[in-house]
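Structure first, commentary second.
Chain nomenclature is as follows: A, B and C, assigned in order of appearance, with residue numbering initiated at 1 for each chain independently.
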Amino acid sequence: MSNRVGIEVSIAVAEAVGLCDVDVVAAYPITPQTHIVEHLADLVAEGKLNAEYIAVESEHSAISAVMGASATGGRAFTATASQGLALMHEILFAVSSLRLPVVMAVANRAVSAPINIWADLSDVMPQRDTGWVQLFAENGQEAYDLMVQAFRLAEDHRVLLPVMVNLDGFTLSHMIEPITMMERNEVRRFLPPIEPARLLDPDHPRSIGPFGAQDVYTEAKMQQEMALLRSQEVMEEIWQDFEAQFGRRYHAVESYRTGDAEVVLVTMGAVSETARAAVDEMRAQGIAVGLVRIRMWRPLPQEELRQALEGAKVVAVLDRMLTPGGTGGPVGEALRSIFYDAPVRPRIYEVVAGLGGREINRRTFKEIVRQALAGQEQVRQFTFLDVRCA
Amino acid sequence: MMEIRFHGRGGQGAVTAAELMAQAAILDGKYAQAFPNFGPERRGAPVTAFLRVSDQPIYLREKIESPDTVVVLDPTLIDLVNVADGLKPGGMLVMNLAASGRGALAKYGDQFQVAVVDASRIAVETIGIPVTNTAILGSLIKACGITSLKTMEGPMERRFGRLAAKNLLALQRAFEETEVLAAPAAPSPADAPVVQEPCTYAELLQREALLVWDQLQIGCDIDRPGSTAAFHTGNWRSAGRPFIDRDKCISCGFCHVYCPDLAMNFTDDGAIEWDHRYCKGCGICAEECPKGAISMREESHEQ
Amino acid sequence: MEAAIDTQKISMKNLPAFEALASGHRACQGCGEVLAMRLAMKALGERIIVVSATGCMEVITTPYPQTSWLVPWMHVAFENASAVGSGVAGALLALARKGRLAGGDTKIVIMGGDGGTSDIGMQSLSGALERGHDFVYLCFDNEAYMNTGIQRSSATPRCAWTTTCPLGEEHPGKQEAKKDLVGIVEKHHIPYLATATPAYPFDLMNKVRRGAQVKGPAFIHVLAPCPTGWRIPTQEVIKVARLAVQTRDYPLYEVVNGKYILGKPGKNPKPVAEYLKAQGRFKHLSENDLAAMQQEVDERFAQLQWLASRP
């Protein structure tokens, strides 16, 4: 195919954002996200993208500026990682509560200390409850496609919520790999021009972000929650349209060789490809193993997850973040909640691994499956898989 | 347990009054809670504060809906808010009222007990300013007991330092000068108001709801520009209103320019008109009028 | 395209009838800040977008479901008004270029109190000033965190009482000098900078209007007395603000493209004690304190005169 090129995933992500005709990009450099916004700055500087690039003085201001831009009726984008996402934390709640359809790419990276620039999910998982739609890409093509889908989802008037597209730092963001690029006119056909639901306009004055006391706060949260739940159906609709136009099919939850699987691995992000390869090797050895990958993390596709996992004897979860002092990682906790009331519950064997960019490879998944099948005891609700012990 | 609601204005010390009384009750070995009605209202606005006192430990963190006693610090509030709202039948109203204003009590006398004192005058005579939050406590003690004048000394001294003596004098004088009017005849069971208990929690919520969740604007926006105009801040006034001497007024407009509340405005004829709905009674217009045409004076509360 | 801002000089005779704020707001009796805001808005007119930091002015004007605002208004958080405003500026430029902007020219007005400007909002303000977006920043300085109940900010003047610099035996009032916010803003070399107070309403309105006419950032610092926090009678708010100017504690001036222009200084300044003694927050000051404060005021004013004397 003529549009299939070898390209760094960050550059491809930036190209996708450019194809979406964004009006404002506000960003601050942080490894491993920087290549995305550098390339957007290039596109603007070269006149290939008719947008304002605001080189803000912090991530806090980056997310604040895209809010202002979005409230003025512009299509707005930012990107960040790790400390930058943590610095945005306060404002992330405001973006979703004020129902502003901004899109953000997050190149997932560990959070300090010790300072560490490599991939895990300890930056994004603490943002779980900020009210954003949260999607996870497995490879470059997905990261690229999800950017375009994200704007359409965010701006849909049934949704009007910010969307976060996560891609693992370095192992995905900095990878050169084949990606089928879209044409500008194709993207325009898929993604209509933004139609703001409401905006800051002197001809129609409104107050955005008022003081809401006890008598309205709960109702405001309910309204927001219903929109977030609704976003899953709308996303499914968008994925159907995307398949019709581009031929690539997406689902909130994807299963691989789970049909007769005794143990099913659950993963998110770029490690899922490695997990798939490990599943194939284990299957060749006669182990009944499958894989379920979570692409949509918020809203959590609970029914899809339950259906995908209900036949398994053991569900082996990889969490790339530790919930300190808690009951395991966020994915493990979510699965336990989903199955607590189910008549038949699979055993949930949870592993925390791959922190701060520690290598996750096929051996990792084989070891997880070995332990899970061996019925290894877990002292708390999880095993700290790759920690060195005396 | 006794539950008490205080009515005052932002800045008048209603919260302090509840707090001092709670401290005294605790010194007596009782259990007590004092808490404000947390909200955005500012200085001058009608506010409430709450007090619970009991011989037993108190395991409640909820608002007081049906107080046993209501204390009114500021006589101008009586016409503005329903101070008896939720007050139990036969409950006690402790009122700061001048002798001339006692006609206002007529509407309460047959349902509630009333204790009345001219706390404003006592405060001016003892403390020097019409801040009634300590005087009214003397009246509350006279009407309801709760604690003793003696126990109040400690909390008052800690709170007011060298000004404690004057405040204690106010307390003492108010205690002595409070008249507890004859209790109403006990209501016969037939006359007792029927308390409508809400059937369900959902019904109760509906009574309070402004809007149900799916009627809210996206993101809780407000799309009615200037809609605070429906909220009349005129009831924040307590220390008089501006009167314009038409013989002196030259319609220069300075009162209009300097008014934080847009309550001094030009009419179509170019005259200055006072807007009673919004004037909070700050007095800037009177202070700044270059012709001395505006004076702040007591207003009658009937208007 | 029609300009957003009227260029006419404002006096009592041609006072704009326009009000961006409705009555019924919940500001305290005699609030100097809401008055300053009202006057500034009169000067700006209706072709504006207001971005507000968290603070008294935000809370008292938008108690859901009511708003006092008759112009588009947005609030996000305490420290980021300048960044939100930067995004509004970016979108206005991009949308205008793409022909997607309905209506005429629009001016961006960003506002915050002293805390939202010189403390928690300092970084986002500095970023926005440096990037040079086209906006007017209004800082309503009442010299403490009044919205949370009178706590010390970097803008609280030396010796003043607040609840977090109380009158203790060891440390009576604030020990440190007021941060030179205007000086910091000046070092960003923006085209227009001015000081104002509602005691001089036409001066304030004309400065706001002048600032709004320049292309790029303009900064108006407004001393806005808070009767609740300054411990002054409500009717004396204007008198006290006027004394701040008359005693040279708060001189009125402009910095236009780097050139300092001092307002009429008045030949015989009143002693600063007259300003300080009018306020309960300074009532503990001794004669020695007052003399030291006088010296500080004189030094600051001499410095300002020197700056204004430069070509």
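Methods note: a residue touches a chain if its C-beta (ideal position, glycine included) is under 8 Å from a C-beta of that chain, and two chains touch if they have at least 3 such contacts.
Remember, it's a predicted structure, so these values are computed and weren't measured experimentally.
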| item | value |
| --- | --- |
| Comparison of A-B and A-C by number of C-beta pairs in contact, larger one | A-C |
| Chain nearest the overall Cα centroid | C |
| Whole-Å gap between the CA centroids of chain B and chain C | 33 |
| Centre distance in Å when chain A and chain B are each reduced to the mean of their C-alpha atoms | 53 |
| Between chain A and chain C, centroid-to-centroid distance (C-alpha), Å | 42 |
| Shared-contact residues (touching 2 or more other chains) in chain A | 98, 204-213, 215-216 |
| Residues within chain B bordering two or more other chains | 40, 210-211, 220, 222, 225 |
| Residue list for chain C, restricted to those that touch at least two other chains | 59, 61-65, 67, 69-71 |
| Touching residues on chain C, where the partner in the complex is chain B | 12, 15, 19, 21-32, 34-35, 38-39, 59-71, 198, 201, 227-228, 233-239 |
| Contact set on chain B toward chain A in their complex | 39-40, 208-214, 216-223, 225 |
| Complex interface listing, chain A residues touching chain C | 23-24, 26, 50-52, 54-58, 60-62, 64-74, 76, 90-91, 94, 98, 200-213, 215-216 |
| Chain A - residues contacting chain B, complex | 97-100, 160, 197-198, 204-213, 215-216, 218-220, 222-223, 226 |
| Residue ranges of chain B touching chain C (in the complex, touch as defined) | 10-11, 40-45, 210-211, 220, 222, 224-233, 236, 252-254, 257-263, 275, 277-278, 280-284, 286-288, 296 |
